[in-house]
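Chain nomenclature is as follows: A, B, C and D, assigned in order of appearance, with residue numbering initiated at 1 for each chain independently.
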Amino acid sequence: MDWSLPLNASTQGEAIDNLFWLIFWITVTAFVVVEAGVLWFLWKYRGRKGRQARYTHGNATAEVIWTTIPAVVMVFLGIYSGRVWASIRSSDSYPDDALTIGVMAKQFEWIVTYPGEDRMLGNADDFTIRNRFEIPVNEPVVVMLESEDAIHSFFIPEMRVKQDAVPGMTIPIWFEAIRTGEFQIACAELCGLGHYRMRARVVVHDPTSYEAWYDERSAEAFAAEE
Amino acid sequence: MATIVAEASGMPVLVVEHEMPFIRKYVFSTDHKVIGIQFLFFSLFFLLIGGLLAVLIRYQLGWPGKAIPGGGVLPESMAPQGIMLPEFYNSLVTMHGTFMVFFAIMPLLVGVYANYLIPLQIGAHDMAFPKLNMASFWISVPAGLMMMASFAVEGGAAGAGWTSYAPLSARPDLSGVSLGQQMWIVSLVVLGLGSILGAVNYVTTVINNRAPGMTWFRLPLATWALFISAILILLSMPVLSAAMIMLLFDQTIGTNFFLPAEGGQPLLWQHLFWFFGHPEVYILILPAMGFVSEIIANGSRKPIFGYHSMVFALIAIAFLGFLVWGHHMFQSGMNPALGMSFMISTLVISVPSAIKVFNWMGTLWEGNIQFHTPMLFAVGFVMLFVIGGLSGVYMASTPVDIYIHDTYFIVAHIHYVLLGGSLFAIFGAIYYWFPKMFGRMINDTAGKIHFFATFILFNLTFFPMHGLGMKGMMRRIYDPAQYEHLSEIQDTNTMVSIAAIALFGTGIYFLVLFFWSLFKGKKAPANPWNATTLEWQTPSPPRHGNWSELPVVYHGPYEYSHPDMDRDWLAQNERPDIVSPAHPELTDQVLAETGASEEPSPGTHTDGAG
Amino acid sequence: MTSHAATVDSTAQRPERGLGVYDKKVGMWVFLCSEVMFFTGLIGSYIILRFGASDVWPMPGEVLNVPVTAVNTFLLICSSVTMVKAFAAAEVGDLKGMRLYLLATAVIGAGFVGVQVFEYNQLIHHGFLPSSGLYGATFFTMTGFHGLHVTVGVICIAWVTAKAYRGGYTQEDHEGVEVIGLYWHFVDLVWIILFTVVYLI
Amino acid sequence: MTRKAWTKGLAASWIVALAACGGGGNGGAGEDTGGEAGAAAGGDAAAPAVDPATAATIRGVVTYEGVSPTMTEIDMSEEPVCAEKYPTDRPMTEQVVSADGRLANAFVYVKEGLAGEWPAPAEPAALDQVGCRYDPHILGLQAGQTLLITNSDAVLHNINTQPTANRGFNISQPQAGMVSHREFSRAEVMIPVKCDVHGWMHAFLGIVDHPYHAVSLADGTFEIASLPPGTYTIEAWHEVYGTMSQEVIVGDSETAEVAFAYSADMASADVPMAEPLVLTHGPDDGHEAAHGAGNAGADR
């Protein structure tokens, strides 16, 4: 298998991937240093006849050094990660002009509610479809995430989006798709026997085809309700 | 071996070898050594069960939807015609985690070695409360049996994951499991009571029953680690019990603690569970670190590098362990600002772990390294624990965790820490203390074969899981092929499964070796590894009551290659005339505090061996 | 350090006594730490749940009979006092007084449990059950588990009392009395907290 | 203390333990067999002999007047395996009313008037899952009779029953051709069945103590044959329009004609719709639905 992250299709994905690869190189360095060090010591100081081990109980300087270095690296990572985290999840990071879509997770389906022309959820002109989540490209989307029964988790790998859907809570998450195409919502939190195929189709449209799709779907929906 | 010249403490002989009836001596025994060995058999049994469940899980993931060979014996409710059902898969995942964490690794570390080692290493005749100690084992047994029995009840065993997130775990109509889940809860509450009783015992014993001269900073690191873990158990386990009881009430008598119906809060369960769960993770790794420190010092024939920083690292980890639980909940709907603070505490806690790794390297440095099997496993622990620790950094970083949370990256991480970490240390400990426990050696070559096979197969099994996680493969899914983004990873899964099944094979090999050595292993001397700590200054196995007279301790735990000695080790209880320069100022201070600064009059006697 | 090696003293003839306190007492302290965490778990959950649903939470005294419980609280505090008296008596060798105070403690403790059972009856009779909302759930869980602890305490005290009447304790050796006393005071303390957060606030 | 003695001791302790384990296992299983045991008892009891010579028949029709419910098309696009099973006729929701005002899928059974116990039939009642629909939509069976559940689709279905009087189950059939055997121990009209993977899949099971039950066909007709002569209360149940009952007297080898007339205004809201209802409801919404069906009967 190739060791890469799936194609990234959202704005936050880029920030997350960069951080991932930064940590990757830091950890790989630490990994090589430690493992190589261990193996080298094992070979160099292997037991031999007449060999005398050095009688020492430690070295304050050395211990201070190898306490400080990881501490510094961790502080740096903490600050960097904090920045990125805030840019994705802090309350003021939510774009206010975003398209708001309601997603209700239930065993074992994703019920998606689209607002009417008023772009507001929770009134008569909303319409609802099952297991289809279609959004326009290059437009921030806020998903109002709810759950009807167990805890589910709204996961679109290519969007680098994951958020548990908790019954009794409405959790908003936002992201912005940067490329059109078809993806899938996967449930990432064990939610029962159907967990392993609790999935929904994600379609990222260019603006015009999104409009077309939206009009068609809302028309159908209201036709059915007559 | 040479008889050990040691000081007599002048204590009156507390224990006389009087013949006890078989059942009191070997079944309902109050001897900490018997109880430790009972726990060993108990937890090895559940290690085997947990391994079997893992093989079933890996079979389904390697060959999704194919009939399990010989699976026809399973009832229709689990695997009709041998084809595993998703609900059974969920039960397998849940019970594998439960058995491994609560009934295998935890008792192996704490139940076995806290019981067996603490009194021997601190120079006590037995635990402070031997009867309580017996109770803690015989409480654990019915808990284990009930957990096993839950497979047989209607609806099957618990299937909400070992973390049993509510509401799934609280609502039978969602999980299809009712009685099984309740048995799971009751079993763990009972087990928890047992662990708490045990922990009370360990803590009291270490505080109050140390031999003359066994000051805090002369305690072997294994005892230190077990002592700290016992404190963690004391403070975290009751919180789990409280949560479990609330969950049980939600299941049975219609309360709504964790159900949103009447204002209950599903997240409350996660907070309570992880407030226990994260200290639990350290309960599962600290003793392992302690054993590894013992073995590496012995194998390198050097005093452990930075004994005091090792101790302070243990304490720091234990303390911080109570402040990081939220890092399991970054994507749970918890306030993102909280996520930030939990990320900081999580990154901080990685520092003491790093210190320990470097100290182990420092111990190897300029040593005279003996490659006996325990040493191999100890070094293996260090190498694998490093990987587990480093992969932890990814999930500590909240943004990256958005992507890898609940993926196989996590599965890889926890197995590098728990299997590559804890279990390797446990294997090392078993090989190391087996001679003391049973008076027989395990053949070293056979042990080395076990090590290399396990080490290679372990990495073949779990390292690729990092890749699966990077591809976005979620945890606890019955059939990855259902997802487009997982379409091309089936071959990896199959390869992993083959390695996993082979890894299980090495486990069987170990069990055979273990039981064979029990009967056929060659007789062990009192101190086969030329070790310095007190348990090695007794015959193998030690007599009931451990010591005819309590030993008197003059040295730190790892006085290897002392320049004033003609041999490369100096037992803690010999040669008061030799001074070990380990942090003298600190030792003075501690001695002053504990009022044992004065050493008794010289005079020789052969300890215990008589 | 060298000086230590040289000096010789017979105090090293005894094992370390970390705290200079006997095992049973240390053990009880350690166990009580664990108990503290157990009730912390319950009470903490109560607080979180209550903040989550403060709008539907009944006013104090609306459902629960505060006066009766206040009396009951007083009972429990008295039992703590008698327990102290029992230990004090033992310290000065007044074994008769010790026995009587122990007996009193057991009886009053049993009384507390009795009143609680009565209270439960009343509530259940009025349809207030563990299943009636978070309020009922938390109330019965917390007071129930406290009641369980009291019951266990009463049984242990009864046992200690019996042993006392069989002359099991002397002025020199009455560890049992002190240890069960520690537990009893803890249970008492927990109740005072519970009474405050559940009944009064 | 020698090592041999050790192992003896531990062996002994494990024998004790394993014995206990067996006990535990049986105990666990034992707890759940109570229901079936009861049913078996019902089955063993000698059935009252029904003399074919004098056996009576109740035959009838279920009619409906008023606006018929909209049958909306089910969107199965996400489940091609199922969608392709409808090449011509589209899969529609199942509150079927025929053009001439006949009501299908009504469950009709003898509610009162039967004396004695009937052994559960040996042959199972079959519930199939084909094209992501339950076949049949309404199924009557006898307490203690085996319910044979089959999956004819190559997709995961789960069978989630939500009874009130019986012990429910929630099991899955991930592959085509899988079968499960279950049974209900007590009479219960009706038990809702749903598939959580396909929100539109619903069925109802009518569990009665005797073989005298039927389901109205597309033309609204039903027949309950080989009854002992007597006076009976017959009840009809429909998932949308609730229940209605009437008394019938049949003499030796007579055939009584019965008619149940439903009308649009009897529709109850408590029925599962083909389109998903986006509501957050409490932990026991399943029971709610079941109650709903029951209440519809009560208010009649």
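Observations, loosely collected:
Everything below uses one rule, namely that a contact is a pair of C-beta atoms (placed from the backbone, for glycine too) under 8 Å apart; a residue touches a chain by one contact, two chains touch by 3 or more.
Keep in mind it's a predicted model, so treat the numbers as computed, not measured.
Distances from each chain's CA mean to the overall CA mean are smallest for chain B. With centres set at the average Cα position, the gap from subunit A to subunit D is 43 Å. Subunit B has its Cα centroid 32 Å from the Cα centroid of subunit A. With centres set at the average Cα position, the gap from subunit A to subunit C is 48 Å. Multi-chain contact residues of subunit D (touching two or more other chains) are listed as 156, 170-172, 280. Across the assembly, subunit B contributes 85-87, 167, 171, 175-176, 256, 259-260, 264-265, 478-479, 581 as residues in contact with two or more other chains.
Among the residues of subunit A, those touching two or more other chains are numbered 107, 167-168, 192-194, 197. Interfaces, counted as pairs of touching chains, are A-B, A-D, B-C, B-D. Residues 85-87, 89-90, 93, 159-161, 165, 167-168, 171, 174-176, 259-260, 264-267, 300-309, 331-333, 336-337, 339-340, 343-344, 347-348, 350-351, 354-355, 357-359, 361-362, 364-371, 379, 382-383, 386-387, 390-391, 393-394, 396-400, 402-403, 405-407, 464, 467-468, 470-472, 474-480, 482-485, 488-489, 491-492, 556, 560-563, 568, 581-583 of subunit B are the ones touching subunit A in the complex. Listed in rising order, the residues of subunit A touching subunit D in the complex are 104, 106-109, 111, 113, 128-132, 146, 148, 167-168, 192-194, 197, 200-201, 224, 226. Here subunit B touches subunit D in the complex through residues 22-23, 25-27, 29, 34, 37-38, 41, 45, 65, 76-77, 80, 83, 85-87, 141-142, 145-146, 148-150, 152-155, 167, 170-171, 173, 175-176, 179, 183, 256, 259-261, 438-440, 478-479, 518-519, 541, 543-544, going by the rule given at the top. Only residues 1, 3-6, 12, 15-16, 19-20, 23, 26-27, 30-31, 34-35, 37-38, 41-42, 45-48, 51-59, 62-63, 66-67, 70-71, 74-75, 77-78, 81-82, 84-86, 88-91, 107, 149-151, 153, 155, 157-158, 160-164, 166-169, 171, 183-184, 186-197, 199 of subunit A touch subunit B when the two sit together in their complex. Of all residues in subunit D, those touching subunit B in their complex are 1-3, 5-10, 12-14, 16-17, 20-21, 24-29, 31-32, 156, 160, 162, 167-175, 178-181, 280, 282-284, 286.
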